[in-house]
Each structure stands twice: as structure tokens, then as C-alpha cells.
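Shared chain: chain A. Partners: chain B in the first complex, chain C in the second.
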Partner chain A sequence: MAISLVKKNYLFGQGRKRWVPWLLLLPGFGLYLLIAVGPSLATAVYSFTDASGVRGAPVNWIGFENYDEFLFRGLASRDNLAALQRTLIFMVVVTTVQFGLGLVLALLLNQKLRGRTFFRTLFFIPVILGVVIQGLMWQLFLYPAGGPVAEVFGWFGIQSEFLGGAPTEAFIWVMVVQIWANVGITMMIFLAGMQTIDETLYEAARIDGAGGWNLFKNITWPQLTPAINTNFLLNVIGSLQAWQLFLVLIGYRPGTQVLGYLVFAEGFGQTTGSVSAAFRQGYAAAASIVLFFLVLVLGMSANWIVQRRERKYLG
Partner chain B sequence: MTIPRDDAPEMIVPALDAEPPVVERVGKGFPWGKVISYVVLSLFALLYLAPLFMLVNASFKPLSEFFRDPIGLASGINFDNYTKAWELANFPRYLLNSAIYTAIATAVFVFTTLFVAFPISRGIIKGGGAILTLYVVALFLPPALIPQFQLILNLGLYNTRVGYIMLFLVNAIGMIIVVNYIKSIPKELDESAAVDGCGYFRFVWSIVLPLIRPAIATVTVLHAIGIWNELILPTIYLTNSDLYPITRGLIVFQGQYGSDWPALASAVLMLMLPMLVLFMFLQRYIIGGLTSGAVKG
Partner chain C sequence: MRRMKWLALVAALALVFAACGGDDDTGGSDTTGAGGEPGTTAAAGEPVTLRVLIHSQEPMTTWVQDFSTQFESDNPGVTVDVAVVGAGDLATVTQTRLSANDVDVIDMFGFANPVQDYMGGATPPAWQTLIDAGLLLDITDEPWVANYDTASIEQAGTFNGRVYSVNLGRTVYGGMFVNNDLLASVGVEVPTTWSELVSVCDAVKAAGNQCMTNGGQDGWPVFVGTYGMLGALFPDQAGLVEALYTGEMTWDDPAMADWWDRTKVYAQDMLEPGTTGLAHDAATFRYAAGDVAFLPTGAWQAPNLEGDGGATFDWTYVPFPGSDDAADNQNLFGKYDQGWAIAANSPNVEVAKAYVAAFSDPDTYQEFVTTTGFIPTQATATLDTKLGQALAPYLENFQVGFEQYWVQPAGAGQWANGSQAASWFVPFNEWDDAAALATQAQADLQAALDELQ
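Moving on, here comes the complex of A and B:
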């Protein structure tokens, strides 16, 4: 064989047998290119076309038309920019609260407490249940006509329609459910990080008379750097892309959508997928590229903050 | 957890003798820290237990009772709502669909992943590094949603089982986990197997695979949970209700019987129970997989 396909250190046979690893690799790698990488790159191409959701319909190149329309034209663009703003608010609130709450829970559950396994499991469970069960549970919990939360709010004289109320109100409740559902992952990552911290560091510091806050500031926080980085990045990127709970909890309501939901609604209709010429997939592709750049820019900024922190603590 | 604490006191004991440390004094007083911890944790736990309790409680109530008093304790335990939901929600069919999609897609994914991960991890093929880079970079590429749809549509696989399963055959994070794990298998093993005349396929399949079982278990469980819980893709790709997985079926059921919360609550609970049981058995793998990036960073 003229071309060698495997490196010299390949041990399993000579001649034609050296094709074997490649032949076995091909199905997996081919599928990956076909289903993931190819379509991912093609999103950029589609964003310059007027593709619809109909098989065989002509697709025309229309340049920056979609972007122009999405960002700058008429009432719709104002709605889009509002959705962009909402996506950012969602990201900031969810990231901050989920990160903070996850850290507090992890600190509490890293102590030797009776029943800590129970608490850890309890807070983590929503993660594996998925958005449908999370959403339906909270729709019932927030049942406006005499449900538990309505009852408690009633004691304080607060009236609320919850998910069916004003857009801002519904939006806030979606953030609550989003945090409730995912704080378990953040907590678990913090806990995994805390368990790698050398216990003798604390013992030595205690002998020097260091108390709770000092222990946290000078040992836990710097030693926790990898977990902090992971959580920060996961939360920023995850919350920018999260929108499924909006679908389950409130549907496509004006004044509540975030960018991810917008892409879905433009590309596939607002509630259900049935092939239709009304689907503006080129336009939706442009919207998803806008979202992609948002994730890229904010993700890179988050990464930059994280790197700087790491240099500060780990040298 | 794994830090050996036994030898630590030896270093510290002399210091303890010299001066009574702060730890001692705090330890003897009333454990305020623990009490506060329990209060905070219990309040937070309420946020998790109360929705669950509401669900169970509502599922036992006849509809009229639920409307009259949504939060009072159910007057009795009866399973009428469960039988009703089981029949109305078309549960058996949706569950079977979900099981088929999850099992086939996960099996194909794990099998193909093994044979991509091994040669990359061992560095025995040319361009292996570039392939691995492609898997890492893809985590940051734009969403594939729209062109993926066009692909499936133009292949004529829209609204078919095959088309739907195709969407779940790859998982870049799972691949990276397996690649990293294979690095912990000693290379000497390859040599001795090759000397004994073992073929490539047989070596990877019957010697490497059993050795990397923890990593395989982790990616299997994570991938399967992802497919099982997926809501968006069935909404996009499946319009024939005979093909719906359980997630989509539940949302459709809610659309039809949205005000019948007792039936809906029963449906949710019936779907939740197997997930909870599975979680109890597999939580080591699930949590291990999700937190794997935390330690190394």
C-alpha cells in the first residue's frame, strides 16, 4: 500500500488490515459530519437565503436581507430587539442567582450533616426530569385559583395571575422555574470541586485562628477555581440558549419571548411543526446566527474573566 | 472525600497541646451553624417537596373536589385518575415510542462512538488530532436546527421514525468523555493482545469495552436521558401522533384536558416514577458525568 493510513505504532496487522480502524471509524465520524458539523456550518449559509419549510421549494440568495429585516426594519425589528434585551436580562438574573444559590447550597451540604444525601438528591432531581415535567409541576404549583403559592401570597394580600399574568410577571416566574430546575447541577459541580480541596489546608488555617469567612475567602474560593469557571461558563452559555421552559410554561406570548424561542417560532411555527410555506427558515437562520454571536461574545467575555481569575489565584 | 485524614492529626497534635485552638471552643458551644444550615436547607427543600406533594395530592382528587379546594388534603386515596389518564393520554403507545427512540439511538451512538474514540485516543490513525479538535470546536458552533431540518426534509425522512432517530446519533460531549477515559487504559495491553494475534475489532470490542465500562455507562445514561426528555425535536419533526414520544404526548394531552389537573397530575407522576427509580440506581454515573469538568477545569 502506497499511502499509509495508520501511524507506525499500529499493532493490529499489516497490509489491507491497516484499513480496519478507518473503516470502523467512518460510520460514527460520517454521521457526526452529516448531522452536527455540516448543518451547523450551513446555518450561516441559510441565513442569506429565503428558504422556507417546503420540500423542493426554490431557495434564493438574498444577501443581508434577513439580517437587515431582523435588526432594523419596522415594528418586528423592535420586537426582536426587545427579545434580545430580554435574553440578556434572563442571562444575567439566572446566572447570578443560580451561581450564588448553588454555591450556598454546596457550602451547606459540604458539612457533615445528617441527611445531607437526601438534600443533595432532592435538589438535583429536577435536572433529570426534563422540561416537560418541570413545567407541568410548576403550572400546577402556581395554579392561580387557590393553588399553594396563590394561597401563601394571599396571606400577604398579594394577588397574582402568575404565568397567565402580565408579561413581566410571567417572565419572572419562568426565571424562577429555570433556576429551580437547574441549581442542582451548579450545586453538584461546586460540591465535586469542594471535595478535591485538601482538608489539611483548613486545619492549618484554623490553628492560625482563621474563622468561617476567612476560611472561605482564602481557601475555599481560590481552591474552587475550576468549579467556579465551569459553573460560570455553563450558566452564561446555558441561560442564553435556554427557552424550552417558555414553551411549556407560557407558550409564545408577546412581550415574553427570548431569542431562542423566536428562532423556533419563525422557523417552525409557534406551537407545532407541520410543514408550511409560512415558515421563514432563512430568516430564522439569521436570527440564530445573531443568537450565536451573542453567545460567542458573552461566552468569550466570561472566559476572559475566568482566565484572569485563574491567573490571579493559580499563577 | 478521598483525602486521607488519618495522618493529618499527627502533624497537628503538638500544636494543639501548645495552645487550645479556636476549633475546640466553637465545638463545645451550641451548634448554631448547624441549626442555621438546617433551617435554610429545610426552607429550600420545601420548594422542592411542595410541588411534588401538590402533584400527588391533586392526583387523588376527583375533579369536582379539586375545583372546590385545590390545596386541601385529598379526601381519600383513589386511583381513578391514573386509569383515566393512562387510557386518555395514549400512554402505552407514547411510552413504547420513547423507549424505541431512546434504545436504538443510544445503542448506535455508543457503538459508533467507541470506534471513533479508541483510535483517536490511542493516536494510531493519521489526522486523529484534527478529528478530536472538530469534536471540541463543534461545542461552540452555531445551532444546527434549521439546516438539519432541511436535510431531513430533503431526505424524505420528515415525520418518520428513522428521521427522528437520526437526530440523536451523535453527541460531542459524550465522545470527549470516552476519549479521555480510554487514555487511562495502559498501552501495554494493546501490545500483548496484538502479540497474541488478536484482531483490531475483537480487541476494541471484547477487551477495551469492558475496561471502560464506567465511561460507557456515564455517556449512555446521559445520552438516553437527553433523548427521553427531548421536547423540541419531536415538536418540529413529528406531526403524526402515532409517532409521538411521551414528552410530546404529554403536552398534547395537556392541550386537550388542560383543566383536568387531577388527570394531568396522575399522568405526570406515572411518567416521573420510572425516572426516579432509574435515577436512584444510576445517580453515580449521572452526577459523575455532569460534574466531570469541574475538577480539572
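Moving on, here comes the complex of A and C:
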């Protein structure tokens, strides 16, 4: 019988010492279970009940009734599916424009231009404002009778009710505000990525006669892969979950809700505009599980795309 | 060394679990029983923080804050922490703070009629759920409850024979403020029928003024005044809700045609341009500028017209003339506004009772009514204000409005509550055809009623 004389090189020592890192992980893991996994599982369980969310109120197991109501019952299901569709439109438009605009701003502000620090700050400022402040600012900007945007529109003979008008119009303005509020963070991630690119790559390419487009296509774009992937995922998931701006800017109005806002409104009795609105947190939980699967499917698809890009460009 | 690691680990875990433990910083000693029985006040001499939750509605908000300061002076050791939230957020904050046992006295906004038998399995309104969950204190036997009139206690404070809230006042919303000076300058009278209202609006606009303004940005102010129109056309509002549920009446019934046509005219022809961007309070101050004839909203805005920066013109308040028969336009539709309720699990129950008792004192209540313009729910109080004088001819005809009876059936579409029609027409939403909207409203309601059966 051969006896190994080579001592194994344990990363965390031998014997009981090997368990120390796992034990040190335990508090963090416990917190994760408590704060993230626990409520998620509870939401899944709640979605099969008629819970109101009021402590002490009876909670009954009703199986798939909430899902049945959300997806199939009466014409509320029509409105819910429309909210689902609106959520997808919101995601596609916001992700596309915010991503593109953030990239363009980062490219511009990565040049050695006068005042670039000022403009970087200017574009980033909305990110640090709270949603309520953002909402109030834009309500003033978009005041239809003499507000600044209305004045500018007036020069071109355009009249608009902005946030208080037709649902489609109000919805578009929420997208505008969402992009304005978040494009700064997209820009910053791109800028950070650009500043890690080795300048000698550009110098070598220029010596070989590469122009602006070729530099971007063959150096900047591939080298930005981690930043592109991060931004893409953040934009997709962030826009799918957006709802606060809808609450602040337009409230609960027929034809404007996205799924995230619907979950809040159903859970806290803000749907009917009547004093006799009800708390329906079991039903809201079912809606949030639908939203969860939407985020899961689209998030995983986005992740698959970015991983494929990473393999292609970074190996 | 090994012991130190274990000690550090145990300490870290202890810290985590300690951080996750409950915290009940109430400022008083919690004597709540395990079964949720009402407790008593903090031990004598200990400081107590009484947590009061109200919704934002001037001048009521400022009055309650002043009253709370006075209560502190009268009760050394008591600090009153008044939290003010927007009207639309009150139900949410009430639910979360009551569930977290983080509030003592609550402004119960919208204690309306409960779910009726004919509503099938409709989900009970929020306030009913709170009572069912045992979160509101039964105050039936408190002596100060008797200060309020029997009707208000029965209609806006009682559930299953027990009293849970005392109502602070009736308020009227189915009417409109009238700028008497502007009408006089144009040479027209206060309209008493729908046809008169249409012609007065035409005259006012022809003279270069605006007919009506409102707070379109907040949504609900657009339709709140038209509850008066619905009431003028269908005075039995409880009966109308029941008829809609049972199918005896439908939103697209020919008898409803006037409702849809007139709300369209109101939304599109009577309200001034730019209404979509005005908040509710801002609309009142816009109205106070003097070049708008009518402001269809709740009478609760009267103190803003009377106060600093308010109207400098002569005004009155009349029921919305929704019918072409002047006799139908004599009813004032409204609701019971907020009432005080006490958290059943409050550790400061006795202080909370003392707070509501102090408020309920007839002299204090009279001050409240005078300041806020609420129609009193205490028999001894009088509304001796300009608004009181305006409402006096109609007060006998006070009736609870549609929204207090309506409970949306599960599965109903977003257009099912046709009483909100005014906010669905262009420019506030997408509808331009009154008949098509009526058909859609009935379809949205019927789909849910079919499910009920």
C-alpha cells in the first residue's frame, strides 16, 4: 500500500480549521436567507392565499384562484395583460434609448474636452435625486398651461396635455423621465470601462491608419464588453421593475399601469379610486410572481446574450 | 486562538439575531396582553409618545397639530407625534403602521358602508378588514361617543353593532363653488338646472373668462363634483349601486344617457384648458384668482378660499345642477369625512382615549368645525361660517354619495365604475364617444357580475 508523503496544501488549514471560513460565511448567508430568500418564498406562498396583509386578519388557502383571476377572470385580466404588454414596451424602449444615449454621452465625455467634468456631473446629478424630487421637477416642467416644455412645444404649434392627458402620451413621458433619471449611471459605467482600455491599442491602430469608426468597432466596443454587459442587464432588470415614477407622475389611471405598479396598487388598495378599496396582498403576490417569472425569463435571456458576447470577445 | 475564533463567530451571530429582533420604541411601557387585549397607559410619571396619524388636508392638518400642542401642555409628560400623509397614502400607511403596532390614534378616512349581501364575494373594504383583524379598539362604551349624533355614529362608526370610530364631520362633494361677482359682471344668475349651467358657461366664456377649473393632475378631483350630477339624476345612490349589481340598471341603459353625455360636456367644454396639469389645492388657488366662474369640488376647500391668499370675490356653494328639473338639484351629496379610531394594541390606550376625549369636548369640537368648515356631527356644534351659510338651505337634504356605497367586484375591468366617467374623456383619458364609453363600462362591470353568478 502506497503512502502519500506529499502534504496536501489546504487553503484554509487542516482539520477543524477547514470549517472556519464556512462558519464565517454563516451570518452573511443567514442574513441573505432572512432578507432576500425568505420574503421571496413568503410571497410565493402568499400568492396562493387571500391574505390582506393586515396583521391578525384571517388568511385562507385558495389555491390558484389569484392566478386565475389575474390572468383569466372578467375584464380585469384584459387590463392586467395590457399592463404586462406595457411593461415589455417600457423595457424595450427604456433599455434601448438609455443604453444608446449613455454610450454616446460616455464617448463624448471621454474626450479631452473643456468642461467635461462639469458635464459628467450634470448628467449624473439626476441619479442622486430621489424619485419624488424627480417627479415633482418634471410635473413642473410638463405643466400644460404655460410650463417650460409646453412653451417650447408652442413655438412649433404643438399642444400637449403631457402627464395628465391620453394614457399613451403620459406613458411616453414617464419613459422620458425614467431615461433622464438613469442615463447618468449608464454613462458612468461606460466611462469607467473606457478608462480601463489601454491607450497603446489606439496608438497602434492609428499608426495602421484606423479611423474613428474602426477604432470604435475594433477596440472600444470589444474592450467595453464587461461594461456593456453590466449596463444591458441593469437596464433590462431595472426597467422591468420600475414603478415608483408611475406612482409619482401619474398615479393610478386607466391605461397607464405597468406590472410593478399594479402589484403595489392591488396590495395597498389604490386601484379603484374609491374609499372602499381593499387590501389584496395575496392577489398582489400572485401578480408579483408573474412579474418575477417575466424578469427571470428576460433576465436569463439577457444574461445568455451577454455571456455569449463575453466568450466571443474576451475568450 | 481557536477559542477566540469561536467567540468571534458566536458574537457575530448574536449581533445578527439581535439586529433582526423586534423593536417597539413607543416611549411608553407596553402592557398589551398576549392575546392582543387593550393595554393601559404608561406608568405614571413616565414620558409617553402618542403617535397620531392624519392625512394632509388644510386647514385641518394645522388645526390638529395646534390641538396636539395644546394637549401636550395639558398633559405633562405626553408628547404627541403627529404624522401627516397624503390622502391617497392614508390607507396604505394605516395598514402598515397598525400591523407594525406603530400608531396609537388613526384618522380613519372613508369609513363607508360595508360589503352588502347582494355583492356576493366582493373583497371587504380596508377599514372592515382592520376591524375583522381586531386592530381597532371597540369604543362603544366610551362616554365621549355620546357627544356625536346618532346618525353619524351609526352610519360612519359602527360595524356589527359596535362602535370603532367617531366621525369628525360630514363633508359635501357633489357641488361647486360659484363666483357670484363674476356671474353678476356677466349678467347671469346662479344656474339651477343643467341647461342653465350650459348657457351660463357659454356667457362666461364669451365674456373672456373661464367656466370651470379643477385639479386634473390628481385624477379624482375631475369627477368628485360630478357625484352631484349622478345624484341629481339618480337620487337613491344606494339603490343605484344595488341596481347595477343586480342588473336592474346598466351603465348603457337609455336612462343613463344623460349622465354620459353631460359628463362629456363637463370634461370637454366646461373645464378650462390646462386643468390636466393642476393639482387639487393649486386649482383652488387658481380659482381664487377670480376669472373662473365655478369650481366643482368638495366643500372642504372653503377654508382655502376664505384664508390668506384666498378669494377676494363673493362666493357661494351650490349642488351641481346635473338635472334639468331644478327640484332634483336640491340634494347635497357627500360623505362622512375622517373619524378618530384607536389602535386596539396600542400601549398608550388610555392616553389615546384622553386625546380623542379632549377633541370630542363640545367647545374644542366647535373650534374644529369653525376652522375646517366640516358639517358638524355633534348636535351642539354649528357651522357659523360663510360656507355654513351657503350650505344651510340644503343641509336637510344631505345624502351619502355613490362612492361610499360602491365596491368594485373582483374581475371588473378598469371602466366598470362609471361614476368616474368625467376623468375618462379626452383630454383626461382616451374616450371621446359617450355612448361607446357607456357600452364599455357596462361590459367591464358585466364581466365581473357574470363571474359572481
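Quick note on the criterion: the second predicted complex is superposed on the first by the 272 of 315 C-alpha atoms of A that agree within 3 Å, B and C clash if a C-alpha of one lies under 4 Å from a C-alpha of the other, contacts with A are read in each partner's own complex, and residues count from 1 in each chain.
Here, contacts are C-beta pairs under 8 Å (C-beta built on N, C-alpha and C of every residue); 3 or more make two chains touch, one makes a residue touch a chain.
Nothing here was measured: the structure is a model prediction, and the numbers come from that model.
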| item | value |
| --- | --- |
| Which of chain B and chain C A:Y143 touches, first, second, both or neither | both |
| Touched partner set for A:G251, first chain B, second chain C, both or neither | second |
| Touched partner set for A:K312, first chain B, second chain C, both or neither | neither |
| Touching partner for A:Q111 - first (chain B), second (chain C), both, neither | first |
| Residue contacts with chain A in the superposition, chain B compared against chain C | B |
| First (chain B), second (chain C), both or neither touched by A:F268 | both |
| Partner chain(s) touched by A:R73 [first = chain B, second = chain C, both, neither] | second |
| Partner chain in contact with A:L25 - chain B first, chain C second, else both or neither | first |
| Partner chain in contact with A:R55 - chain B first, chain C second, else both or neither | both |
| Chain A positions touched by chain B in one structure and by chain C in the second | 20, 24, 27, 31, 34, 53, 55-56, 143, 145-147, 268, 271-275 |
| Contacting residues of chain A [partner chain C, same complex] | 16, 20, 23-24, 26-27, 30-31, 34, 52-58, 69, 73-79, 139, 142-147, 161-168, 251-255, 268-280 |
| Touch list for chain A against partner chain B, complex | 4-7, 9-13, 17, 20-22, 24-25, 27-29, 31-32, 34-46, 51, 53, 55-56, 104-105, 108-109, 111, 113, 119, 121-133, 136-138, 140-141, 143, 145-148, 151, 180, 185, 188-193, 195-196, 198-200, 203-204, 206-207, 209, 211-212, 225-227, 229-231, 241, 244, 247-248, 263-264, 267-268, 271-275, 281, 284-285, 288-289, 291-292, 296, 299, 310 |
| Residue numbers on chain C that touch chain A, as the complex places them | 2, 5, 9, 12-13, 15-16, 20, 36, 88, 91-92, 95, 98-100, 109-110, 112-113, 123-126, 129-130, 132-135, 216-220, 273-278, 335, 403-404, 406-417, 420, 423-424, 426-430, 443-444, 447-448, 450-451 |
| Residues on chain B engaged by chain A in the complex (per definition of touch) | 1-3, 5, 8, 11-12, 15-16, 21-23, 33-34, 37-38, 40-41, 44-45, 47-52, 54-55, 58, 69-71, 112-113, 115-116, 118-119, 123-126, 131, 134-135, 138, 140-151, 153-154, 156, 158, 166-167, 169-170, 172, 175, 190-191, 194, 198-201, 203-204, 225, 228-232, 235-239, 247, 250-251, 254, 261, 264-265, 268, 271-272, 275-276, 279, 283, 286-287, 290-291, 293-297 |
